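Input: one structure, supplied below.
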Amino acid sequence: MKSEARNPKPEVANATREVNLSVQIGGMRMQNPVTVASGTFGYGVEYAQLLDLNQLGAVVVKGIRLGPVRGNPTPRTVEVASGLINAIGLQGPGVDGFIKKYWPFLKELKVPTIINIWGTTVEEYAEVARRFDELGGVGALELNVSCPNIKEGGAQFGTDCKLLSQVVSACRKATRLPLITKMSPNVVSIAPYAKAAEEGGSDALAVTNSYPAMAIDIETRRPRLANITGGLTGPCIKPIAIKLVWEAAKAVKIPIIGMGGIQNSADAIEFMMAGATAVAVGTANFYEPQTALQVLAGLRDFLQRQGLTDVRQLVGSVRVEKV
Amino acid sequence: MLPPTMVEESVRIISNERATDLYFRLVVQSPRIAPLVQPGQFAHLRILPLREALLRRPFSIFRVEGYTFSILYKAVGKGTELLSRMRPDDELNAIGPLGHGFTVPPAGGEMPLLVAGGYGMAAMYLLAQRSPQRGIVFVGGRRRVDILCEDEFRALGWDVRATTEDGSHGEKGLVTQPLIAELKRGTAGRKLFACGPTPMLKAVSRIAEEFNVPAELSMDEHMCCGVGVCLTCVIPISTGDGWEYQRTCTEGPVFDSRLIAWEATA
Amino acid sequence: MKSEARNPKPEVANATREVNLSVQIGGMRMQNPVTVASGTFGYGVEYAQLLDLNQLGAVVVKGIRLGPVRGNPTPRTVEVASGLINAIGLQGPGVDGFIKKYWPFLKELKVPTIINIWGTTVEEYAEVARRFDELGGVGALELNVSCPNIKEGGAQFGTDCKLLSQVVSACRKATRLPLITKMSPNVVSIAPYAKAAEEGGSDALAVTNSYPAMAIDIETRRPRLANITGGLTGPCIKPIAIKLVWEAAKAVKIPIIGMGGIQNSADAIEFMMAGATAVAVGTANFYEPQTALQVLAGLRDFLQRQGLTDVRQLVGSVRVEKV
Amino acid sequence: MLPPTMVEESVRIISNERATDLYFRLVVQSPRIAPLVQPGQFAHLRILPLREALLRRPFSIFRVEGYTFSILYKAVGKGTELLSRMRPDDELNAIGPLGHGFTVPPAGGEMPLLVAGGYGMAAMYLLAQRSPQRGIVFVGGRRRVDILCEDEFRALGWDVRATTEDGSHGEKGLVTQPLIAELKRGTAGRKLFACGPTPMLKAVSRIAEEFNVPAELSMDEHMCCGVGVCLTCVIPISTGDGWEYQRTCTEGPVFDSRLIAWEATA
C-alpha cells in the first residue's frame, strides 16, 4: 500500500478516478446496485418525503396480481430476535388499481421501477406480465414465486422445479421486459431451482425471499400472527441468504440481486462478494428509511478505500480456496 | 414540491421523568418535527439501545412547546423499559409527525366530548389545546395511576370527568358511564373524539351510533413501518358494498367511527 | 379467574399441589423436560463446576462416530446477529475414546445421558448404536442425520427420506435403546421426513439442527469459517424452529424434543405449545451456562401461575383455530 | 468434590479508565474469581448491553488485588467499545478463572524472559509478580501507545526492554530483536514466556528452537464458550506420530512451544 502511494501514477489516477457503480440486470441498467425489496417500500411514493428515490438503483414495488387483494387479517407482523415475521397476504390494488393510483408517480422517476408480480396460475402470471409489458416504461418484472403467506400461489411455484420453469417460460413469452425470478429459500438446494429459472428465460434471480416461521404468545396460547405462520426476514436471515446467493451464483450465469437482512454497506458488500450483482434493502427500511442511501454511500467509500474503479469487481470476489 | 408533512430527525432528550407508576413523560428537542404536529398524530421512535429488537415504537404526540415535543408513555415491554432508563442528552431517532389526526372542531362548530383511556389521554391534549371550543374530557383507567393529565386538561379550561374501575379516583366504573349520562342530557351539536384501548373505542362507537352523534376514533393497531409501506396496521373500513383494509398509520390512526367495519375485526 | 379463586377447593389444591414435570421419551423417563443440545454441552463434565447436572432432564453429549475425528480447521465459529455459525466438523474421540474418557463420569449421573451418534454409512450408524447398546446404562441415542458441516455423512441422510428411513431402521435393529432422530431443517416440508423417521422406528424426533449459512469478512474477502459454510443456531433461528416443531408434531405421534434459540423459559414454553414434549438449550449455554436451569425454574413458575398440574398440559396447546 | 477451579459470578465495575489511546483498564469486584486466579488465566465476560451479539469476550487477567481483578483491553469492536462506555457500579457477568496458565518459575529455577506484544502484556504481569525470580520483560508494539504496563513491570523490579515498530518509544524494531540479542549473550537456565499476536508467538517459537531454550506460549485463538464444550478454539498439538486439535480455552491458552504443530496452522 505504502509503496504504491510513492508511485505518482496511482495518485493522479486516484484524484481523477471515477468509480463506476452502474450494473446491468438483463436489459435494465441501474445507475448503482442498490435497490429495495418488494413489500418493504410500498409503491415508492410513501418514502418520497424521507429520501430522494432518484438516487436508488431502482425502485421495487409491492407484489401485484391481476385483481385487487384484501390480504390477511391482523396481526400481520411480529418482531423477533434480529428480525420480523410477516404475513401480510399480498394486499394490493391489482394491475388496474396500481396503474391508476401509483404509476403516474413512478413513471416520472429517473430510475427504473421493478414490478413484483404474482398469480395463482401460470396463466395469471403471464397475463400480469403482458399487462405491464403493454404499459410501457417499466424497468423489469420480478416474479414472486416464493411468498410463504398465500395458500394458492406463491411458494408452491418456487419449490417445484417444473412449475417454476413453466411460470418463467410463460412470462418470458408474454413480455420482453427483463425478468427477475424471486427465489424461495425453503429448498434443500437452491441450484436446481436457479437453473430452472435461468433455463426458463429469466434474466436475473432475486435471492432470497423470507423463511417460513412462526411465533406463539404463551399467555394467550395463540399464534402471534392471524395467519398462524409467516415469513422471517431481517438481519437474522442474512447468513442463510449469503449462503444461498453464493450457491446460486455458482449454479447460473445470470446476475443475482442479493437480499436478506441488509442493514449497512458491509452487509451489501458481503452479498456482492458472495456473488450478487445488485442488492436490495428490505426490513431495514421499516426502522431506518435511509438505509439504502447509507448503503450506497458506504459502498462508494469502500471502493475508493480499496482503490477499485468498478463495483462489478466485487461481484463473486470471495476467496474460497480451502487452506 | 409540497412542504414536507413528515421528516426523520435525530432528537435529543431534554427530560424523561416518571409521571405515575409505570407512566413516563419524555420531552425531546425536535426543531423539524415539533412545528408540524397536528392533534392526534404520532411519532415513530427508534430507541437506539434496543438492538436485537429492530422496530421503531409509535407514540402519540402529547404536547408541543416551541421546538420540543413530548410523549406520555407507559413502560410495558422491552422498548419502553429501555426508554425509561434513557437520560437527558441521550439521542433518539424520530420520524414524524405521522398519520391523519383529529379534525379540530371549528370555531362555532360542534362542542367536543373527549373520551380517553390510559395513554389515550396523551393523544387528546393537543386537540383540547387547539380546539377553539372548550368541552368535556372523560378520562378513565383501571386505577388512580392510570389517570394521566387531568390537571393539564383543567388548566386549559376543560371540564374533566374521571372514572376508575376500582373507584380509587373519580367515579367508580367505566369511562363510558358518565359519557352516556352526559349524552342523555343532550346530543345536539356535540361530537365525540376518543382514544384508548380497542374495547373502549368499540363501546364509544356503539354509543355514538345509539345517540346518533358523530365520533372520531384514534385506533390502536400494532405498527411496523409507521409510514404506510408495510401494511401491518390495517383495520377494516367500509366501502359501501363491503370493506377493505386501510392503514392506521396513514389513512388513520383517526377514523370516523361510522366507517369502521367492526364486524370484520377479530 | 377471580370466580375460581372464590371457590375454596382450587385454593386448597393450590397449596398442596405438586406439579408434575416428568416426561417420557420412548422408554426413557426424564424428571423434567429440559435438556441440552448436542455439541453445546461437551460431555457434561466441562460444566459440572458451574451447574448441577443432576437437575437437568437429561445430558446430551457431542456427536460421536465409530473412530476419533479431528474436525475442521479454524476459524470454526463466527458470531452473527442474534446467532452463531459453526463448522466444528464433529471433532470427537470416537466410541472407544468416549467410553474411556467420559463414560465413567457420565454413568454416575442420576439423570440419563443421551448420546448423539453419526456415521458416514448406514452400517456405521448401526454399529455405533450397537456399541452403545452393549455398553449399558445409556439413556437414549440421538441419530444426527443433519450436520451441515461434514461432506460425507450427516446432512445427506436427513434430506433424503429413503436414506433417512434406512438409517433409522438399521439403528432400530441394532439397539433397544430409545432412538431420537435429529431432523434437518433444510427441507421444503418436514412432514415426510418426520413420518419416515417414525415409520423407521424412531421413538422421538429432535427438531431442529442448524441451518446452512455463510459469512464473509469483507476486508480479507475470505469466508469467516475455514469450512466456508457452517450451521446457523441461536435466537435468530427460533421462529423457523417453532414452525418446524409445529409441523412435525402434526405429522407424527412420537414425542418431539424442541430446540433452536432457546434462551429462557418463555422460549421453551413456546416450543412446548408448538408441540414439543421436551426442549433442549443449545447455543445459549455458550454465553449463559445457567440457561437450562433458569428455563426449568421459569417453567415451574409458569405452570404454577397458570394453575397447571402437569407440564404435559402445555404440549401442543397452541390454539390455532383461524378467527 | 474438589474445590471449584472456576465460577460464574456477577461482577461490579469499580473503575474503567482509558490507559492510552484505545486501551482501557477495567477493575471489577469479584470475590469468588479473584482469589483463584493463576498467571496466564483469563476471564470470560458477558458485556450485558451487547444484545444482538450474544457471546462472551475473553480477556487475560491482568492484576489481582484482594477481591478484585483487572483486565487491560483494547477497544477493537462492538463488545470492547461498549465495554469502554460502561461505568462504575455497572454489572458484568464473568466466568473465571479459565484456562491453563503459565508455569510459575520455581525459586532457584530458570530465569524468566517474558516476551509480550500489545495486550499480551496484560497476561504477563501476574507471572512477573508471582515469580520468585526477577527476569527480563521484552515488550513490543506498533507505536508508543501500544506499550502498556512498562512501569508496573519496573515497579516489580524487572528489567524492561521496550521496542516499537515506528521507533517512537524504546528501541526501533520488533520485540524479538532484543530477545535474540539477549539469548546470544547466553541461554543456560533461561526460559521464555510469551503472549501476543500469533506471528510474534510463531517467531518466539522459532527462536526458542534455535537457541534450544524452553518456551511457554499463550495462544490467541478465537473463543466461543471459553470452558471447553464448543471446540471453537483449537490449535494443532503434536501427539508424537501426528497432531490433534486441542482447546486453547482448556488445555491452553498456555502451551509448551515444542508441542505446537505450526505446520498445521493456517
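Letters A, B, C and D mark the chains in the order given here, with residues in each chain numbered from 1 onward.
In this section, contacts are C-beta pairs under 8 Å (C-beta built on N, C-alpha and C of every residue); 3 or more make two chains touch, one makes a residue touch a chain.
Source: prediction; values computed, not measured.
Distances between chain centres, each the mean of the C-alpha atoms, put D farthest from chain B.
In whole angstrom, the spacing between the mean C-alpha positions of chain B and chain D is 57.
The distance from the centre of chain C to the centre of chain D, with each centre set as the mean of the Cα atoms, comes to 36 Å. In this assembly, the C-alpha centroid of chain B lies 46 Å from the C-alpha centroid of chain C. With touch defined as above, residues shared between interfaces to two or more other chains in chain D number as follows: 52, 266. Multi-chain contact residues of chain C (touching two or more other chains) are listed as 73, 81-83, 226, 235, 323. Because contacts link each chain to all the remaining chains, their graph is best described as complete. The touching residues of chain C, when paired with chain B in their complex, are 81-82, 235, 323.
If you check the complex, the residues on chain C that touch chain D are 39-42, 46-47, 49-50, 62, 70-71, 73-77, 79, 81-84, 86, 88, 91, 226, 234-235, 283-290. By the touch rule above, chain A contacts chain C in their complex via residues 73, 80-83, 85, 159, 186-188, 211-216, 218, 220-223, 226, 228-229, 232, 235-240, 242-243, 246, 261, 266, 269-270, 273-274, 302, 317-320, 322-323. The touching residues of chain D, when paired with chain B in their complex, are 49-52. Across the complex, chain B meets chain C through its residues 52, 266.
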